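First chain A sits with chain B, and in the next complex the same chain sits with chain C.
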Partner chain A sequence: MTQRKRLSNTQISSQSRRRSEVAVAEEEDGDLTFTQPSTSQVQRGLERLTSAQVDQKTAEVVQYFLVKDQKKIPVRRADLVKHVLKDYRNVYPEIMKRVTQSLDQVFGLKLVEIDTKNHIYILINKLEPAEGAPLDNSPTNPKMGLLFVILSVIFMKRGAVKENVIWHTLKKLRVDPGEKHEEFGDVKKLITDEFVRQRYLEYVRIPHTDPIEHEFRWGQRADLEVSKAKILEFMGELHNQEPQSWTQQYRDAHSTPNSTQASTSSQR
Partner chain B sequence: MSQQMGDSHRRFLQNMMANGIVDEQDAKTLYQHCCQTHNTQCILDKLDDFIGTINSKLQPMFMQIRKGMSEDSGHQYYALVNMAETDVTRMSSDYTDTELELFRKTMDLIVSSENGKASSTDILNTADTLSTKKLKKSETEHLLNRLVHDKWLNEKRGEYTLSTRCIIEMEPYIRTMYQDQVKVCHICHNIAFQCQICENPTCGIKIHHPCVARYFKGRTEPQCPACDDFWPHEIPEPQRKGKKTELIYMYLHVWVHS
Partner chain C sequence: MKRARSSEADEETPRQNGSSGRRRGVQQHRGNEDDEGPGLGAANLQDDDIDPSLRREIRSKYRDLINSVQQNREDMLSPSNNKLTEVLEEANKLFQDVREAREAALDAQLLVVATDLGKEKASQLFSEGAAFDPTAFAEHLLSFMGLNRLEDEEEELQNGAVDGYLPQDAWHRVAKRAESCFKTAPAFHYMMGSFHAEPPPPKQRIERQRKVPGKEAKRMMPTQLKKMEESHQEATEKEVERILGFLKGYHQDDPSTPISYYEFVIDPNSFSRTIENMFHTSFLIRDGLARMYLDDKLPCIAPVEEGEVEAGGSASRKQCITSISLKTWKELIDAFDISDTLIQPLNTQNE
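This part shows the complex of A and B:
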């Protein structure tokens, strides 16, 4: 189980951890009522439950994660406890152990805690995207294309880009953030709100600017899900250039084996 | 008999989660793709065993890949269903309460109708009677489009029917909610909406169109299988599997045996 170890190393840089704390600070209070039960508390809790009850609750939590994942919404432990676990909070660690195992063994999904302070979870696909997949008509795809463009620009600009640069780039691709797009709807909202909530992007205020300016960075989900090497390959094709010719980016792309997918493929 | 799940099973399941429902041919293509991607053996006749392995692991999660027939074409479909909530709550992450109420009322209309259909006019009139919030005409039309797009309803010439996905997934719900109204097909014993009905008033059994086609095929004097009365309806031709299907079969056959 090497991928577990590797993942915890790259889970989050301390920098991004600090940024996300700011984002969730106002909703943090919900979690204060929940303290992680001790091993003996869990043991006593389990003795009072039938195994069917524990299975049932495990199934509910798995479904909760799957539903949230369809819209790529991260799950906060506080919400999970409040809405799903309810009276089972005293056996939380045991349920989560089973949930993690089910998601992994049955669905090929990895449960990742992207924020260890506020306990926020997302699911990452352990299976590599396959070439020539049939039936790939999911409606999110055009949005993912747009996201890929934005992530590429940020990556090529070494990690952070002022928002004006993004808007300007998109206008050149005939996507105007000020207008309603037939595929994306409110483009600005999609990028600064939906992608941010899904943790694909970070949209942060640049300090001490007047008027206020924001910049974009990669979000934690992008770090875990999107291959930088693939982006560089794509840029190479676009510019008819060898990926290696962007020396810095090439080093970035190949020094951080961030993807969980890389480790699962070796299990075959 | 339950085999261990591998990455090919997991990939198949992920695709089912993304699509909700696939027809038998697409399921076979997908099965083949998943096996090929993970270098595992693909035996086309064993698709149901392959799915059985997935189902054995899905069962504790109260989910299942269930097979069902399209009332329209008679083709088989596979749908990923949620057994924990046989209520329409399965859709609750995608639709508001008001929208779900309209969907329920549409189901009421379809189930209580003679022909298993509801006209858009009737549905639009129902939209005025919602308890939660009134829906505007344009909002209702938009919602109906979404329900068709998400494969919960079918639409033909302004008339709405329950989709194959809806019938497979909601079958337990429909059977409980509409106990007195719902009828099953005399041939396949599944719920029947689009069907022919025996005109003998003491009989009145229902048979799906594709089941009629298969049952009466080659019989010159069709008789009701229950009361032996003359079957007065036009007997549809059994739907052949399309060209596309045959090509895929040939392709798969070549691939499996190469």
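This part shows the complex of A and C:
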């Protein structure tokens, strides 16, 4: 009886394992079918479609990106194909070319592939923030203030900060990660989960620590979106100090212009 | 800052010796008596060893000290105070009463924490240009956020942390200032607002649909089964009676001519109906309502008269098996030249 049970268990586990392997294989296969349609394949695919159909699909993808960007969660290409492109996956490169162009020229947004292996995209504003008052009167998101403080500390601490430093600094600012904040709710979750998923922060375990400790770094989105020079400027204002007095940070902020940081950040 | 560093270094070495000395045993320990403090005789030492409450107290004090270092770490890192030195001096006092390995282990643990702090303090020295102090940063930010400090001047001194009243829009102010540092894509919103998808209702519906038929099916099951049995029996009985009716009818039409069994039973249009007829006719024979006999070697069937039923029923029971196959069915149809069925099928009769 027990033996049979055990047998069936192993069968089940091996089956499920096989199934997951199959799933992985399928995913890879699926990935392949839309990663590398050759130029001729795309050409053939396009011949079968009217230009109105391609335009329509392009518009759908643009809308998908815009809506997804509301929450700032990066878009995975696998999701994009599954939910929007569907049968148009064979002309994927052409659609993406048009989408990039449309986002760029119509919306002033830059589509950035932050992860070339898993094909993950985010949108960045191409336009510099307007001087003085912002054009739109949209209400400010207080979470951005919190994020800004964390990014500032990480930057001023030269790129990596133990989580305790962040929690301690926030406590001084009346934000306790252990307590529910009236504006941020579960602060710890917001910082270690939401900001991380949005790719503003990286929250990584420091190796060989007991008890386990984590440290914060800038996420890929922060590298692309946030101007270090401007943070330093703000630091100067706060401390009533010249930005140049933080010699190393000043060098960091001005040696890598934001536009070229995409490659460095993905290598890190 | 420098004081903290140097005093730490001064104290680490002898203390390390002390704790390792303890592990080697009490004899060895007496040799290190100079850093244990004077006035500790052998007798005294033994008394202390037995007193468990004192041991507990020492351990608890060590734990408190370690906790306070871990929790106030950032404060201690600030170059503007000597808290690390204070902690180390405190630990040194505690160490005078350390006797057991457990306490020494706690002492070593505190040392690890303190060393880590020392290392971090040292790294502050190396950084080029102005140092960045998160504590000072937080203070400046609080001012920027519009903290009202005037009210709690005293508390500030007591707690070491600034207390005060933050305005409602404190974080909005920071966010507003931060906006210019971000190149965030503006969030896209529908002018008329978007409708909210409502996933829960469909789920509920599915559950209801599943539950309700489940209950009904359970309730229905037994009655349904009974009905099926009854109707099946009834159908057979009815059919048997109906066939008996046919048999009696043909017999009355012409009592002198025997009714050929095969002619009676066979339906030339349907083999399966023929089988059914044979099946039902067998009930007539079993119940003694009809009898079969051979007339000129051919099986014939005739109804049993009302009076004869009783007598014939118990007299002689004989059994025989009639069988028919598709092939013999066809042969019989040809042999008897059957063109029409004697037993009208039920449905055609209804029409």
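Remarks
Basically, the second predicted complex is superposed on the first by the 214 of 268 C-alpha atoms of A that agree within 3 Å, B and C clash if a C-alpha of one lies under 4 Å from a C-alpha of the other, contacts with A are read in each partner's own complex, and residues count from 1 in each chain.
We adopt the following convention: a contact is a pair of C-beta atoms (placed from the backbone, for glycine too) under 8 Å apart; a residue touches a chain by one contact, two chains touch by 3 or more.
Everything quoted here is computed from the prediction, not taken from an experiment.
In the superposition on chain A, no contact is made by A:V81 with either chain B or chain C. Applying the stated contact rule after C-alpha superposition, one finds that A:Q105 touches chain B and leaves chain C untouched. Annotation for chain A, partner touching more residues between chain B and chain C: C.
Contacts of A:A59 after superposition: chain B is touched, whereas chain C is not reached.
Judged by the touch definition given at the top, the superposed model places A:N125 against both chain B and chain C. Of the two partner chains placed around the shared chain by superposition, chain C is the only one that A:K230 touches, whereas chain B remains out of contact.
In the superposition on chain A, contact of A:V67 is made with both chain B and chain C. Under the contact criterion defined above, the residues of chain A that touch both chain B in one complex and chain C in the other are 66-67, 70, 125-127, 134, 138. Interface of chain B with chain A (complex): residues 5, 7, 10-11, 13-15, 17-19, 22, 26, 29-30, 33, 37-39, 54, 57-58, 60-63, 82, 84, 93.
Of all the residues in chain C, the ones that touch chain A in their complex are 73-74, 127-130, 132, 134-142, 144-145, 161-162, 166, 171-189. Within the complex formed with chain B, the chain A residues making contact are 55, 58-60, 62-63, 66-67, 70-71, 102, 105-108, 125-127, 130, 132-135, 137-138, 264, 268. Chain contact summary for the complex, chain A toward chain C: residues 66-67, 69-70, 72, 109, 123-129, 134, 136, 138-149, 152-153, 156-158, 164-165, 168-169, 172-174, 183, 224-227, 230-231, 234-235, 238-239, 241, 245-250, 258.
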